[in-house]
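Take this structure first; my questions come after.
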Amino acid sequence: MKSLFILNNPTKLDACLNAMSTQDGLLLIEDAVIATHHSGLSCVTYALEEDLIARGLSQLVKQHLVNSNIKIIDYTQFVELTLQYDKTVSWL
Amino acid sequence: MKSLFILNNPTKLDACLNAMSTQDGLLLIEDAVIATHHSGLSCVTYALEEDLIARGLSQLVKQHLVNSNIKIIDYTQFVELTLQYDKTVSWL
Amino acid sequence: MAIFSLLVTATPYSAQGQFSALQFVRVAINNGHSIKRVFFYADGVLVASRLNHPPSDEINLTKAWAKLAIEQDIDLVVCVTAALKRGITNHAEAERNALTGENLDPAFEISGLGQLTEAMLESDRLITFG
Amino acid sequence: MAIFSLLVTATPYSAQGQFSALQFVRVAINNGHSIKRVFFYADGVLVASRLNHPPSDEINLTKAWAKLAIEQDIDLVVCVTAALKRGITNHAEAERNALTGENLDPAFEISGLGQLTEAMLESDRLITFG
Amino acid sequence: MKSICIIFNKVPYGSQSSRELLDIALMAAAFDMPIKALFIEQGVLQLINKQQPEVLDIKNHSATFKALELYGIEEIYVDANALNNYQLTHDDLMPIAELIDNNAISEHIQQSDFVLML
Amino acid sequence: MKSICIIFNKVPYGSQSSRELLDIALMAAAFDMPIKALFIEQGVLQLINKQQPEVLDIKNHSATFKALELYGIEEIYVDANALNNYQLTHDDLMPIAELIDNNAISEHIQQSDFVLML
């Protein structure tokens, strides 16, 4: 089964990555959207656009992510994404 | 002025140490008492005994700290310690 | 179309989780999905007090949940143990526990943890907002 | 002997800060010091609800503060903005804000942030428990 | 029946999260869901022997961990690496959990239908 | 008059701590206390231009930072190292804060009579 890990706390990113399997995806929401530049993000990674916009980070992150495989998604895509994985794991 | 930094969250230890000056002291309370073995504790450091006892760590820490300069203090000493420094800084 | 349930444990005004959960529910419904239940646990139960009264230029989370629940017929369930501990009570629980007052918003219902397990088993996805 | 004031922002049952603050106050008084004021702010205000009702084998933090306040004549002050937002209100604030109920324990008093600043300036030490 | 994996990753008593997570595990057991309990990161400290939070007027919930088996929760695992980080050994813990490594932790998470943390 | 140093170290909107800390700063200003505001670690993100939490129904408090000077709070400092960590430059921030290094941060903390975080 593949899982979508949902992370809202940037200080727990390393612990979360540690618990993931290769086929899993990671969605950064709330404060964790500040971690898009983290060097350890080798898994499929998404960042929630509304949370980036709220913090004034949307443009900045898009500039920095030109060559990255991080996908920026909105709430509609967030809802659909939870259905593309077998389960979600909110890493608290 | 010398400050007593009071830390209750072990994940913030590095940030706290970064903000301290050489004459300052560090008091580990609540969950932060688990950080007594941290290698970066070069400042004067205290750990609150009641919080160690609560977590079953009192004996274990005393064994490990044989050669360390970390002092284990109780609540009575905590109160007096706040008066030996010019101010306290609760690092949250 | 899928059936979702949510577990919400975030403190109402100090954390963002309640805002995120509300947004998730709104968007899921707009996209044609349905919400079986929102289960409030730990500090998340605090949102169920009808006395919550933020400044007028801020969203009232209690009223936002209540509005959504009434319009979309969503089950808002508050865990009884977590609630009583944190001062959230209805008339029946107040009487049973000899408390002098009650504060549960009528859009919420107090029940047991079994409602969470049931929601897990009867939904396609359980999403936690902590 | 010194005069202490405390700033308490910890969530009552989910965090340890309220327990630590209570312990600090008890020990300070036993050691002959005095407590000018305990100021509750942010989620710390939640401890002031008289409806808080933990299981009988657990300490009731609201009653523990109230007992200490009455025995030792300590000023327990809850920030009005933080309190109203989080559903903590007395009769006067409930009337002023058209709220249907009130839940403040009588050992606590609702007032403004100025009481914190005053406590800082008139005590030897301010200790924060968050 | 769908299975559930409960992950404990917090220090005891600094928050009540683990206590409330434990209640979810017991309720899932009452519904006969297959349950795994993982103690990882700082959560390994939940299993330390001789906890005495009573000295701080805090309720001791560690006895409930010892009773997990009575509730039919037999798959209990502890993160060997985290134990090591805190200079702890298996002997410092209540004897209810099996030591596992990081790969095994990921596998248990992967195999479960639900994964809950608090 | 005693001086106070207010330290912002949290990401905006994930918690409301910074908002409530700001209210303490304004109250201290009303008492004419000399005030320093430090933005360190993740708190440097509080100062980013064009925050729009309204998209999530959250109140925008960033305008209050711009108004700090009106309240007589003129000593505002931001952690240069943290900015760097988040790949930000001074131009990404509201133009109210002076860049300082880690030593200067420690010094400001040391010199103040009270230091508050939330």
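Read from first to last, the chains carry the letters A, B, C, D, E and F; within each, the first residue is number 1.
Criterion: contacts are C-beta pairs under 8 Å (C-beta built on N, C-alpha and C of every residue); 3 or more make two chains touch, one makes a residue touch a chain.
Quantities reported herein were computed from a predicted structural model and do not represent experimental measurements.
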Once the contact rule is applied, which chains count as partners of both chain B and chain D? E, F
If you apply the touch rule, which chains end up adjacent to both chain B and chain F? D
Two candidates, A-E and A-F; the one with more touching C-beta pairs is A-F
Please name the chain that ends up farthest from chain D once chain centres are defined by their CA atoms averaged. A
With centres defined by CA atoms only, which chain is the most remote from chain B? C
Chain A to chain B, mean C-alpha position gap in Å, rounds to 35
For chain A paired with chain C, centre-to-centre distance based on mean C-alpha positions, whole Å: 25
So what's the Cα centroid distance for chain C and chain F, whole Å? 33
Centre-of-Cα separation between chain E and chain B, whole angstrom: 27
Quick check on chain D: which residues sit in contact with 2+ other chains? 9, 13-14, 16, 20, 23, 42, 58, 81, 126, 128, 130
Where in chain E do residues touch at least two different other chains? 13-17, 56, 58, 114, 117-118
Quick one: which residues in chain A touch 2 or more of the other chains? 8, 30-31, 50, 87, 90, 92
Chain pairs that touch, as defined at the top of this document: A-C, A-E, A-F, B-D, B-E, B-F, C-D, C-E, C-F, D-E, D-F
Chain A contacts chain F in the complex at 8-10, 30-31, 34, 37, 50-51, 53-57, 59-60, 64
Could you list, by residue number, the parts of chain A that touch chain E in their complex? 1-3, 15, 18-21, 24, 86-87, 89-92
Hey, which residues of chain F end up touching chain B in the complex? 7, 9, 17, 40-41, 102, 105-107, 109-115, 117-118
How about chain D: which of its residues touch chain E in the complex? 13-16, 19-20, 22-23, 57-59, 64
Quick one: which bits of chain D touch chain C in the complex? Just the residue numbers, please. 11-14, 42-43, 46, 49-55, 58, 81, 84-89, 94, 97, 99-103
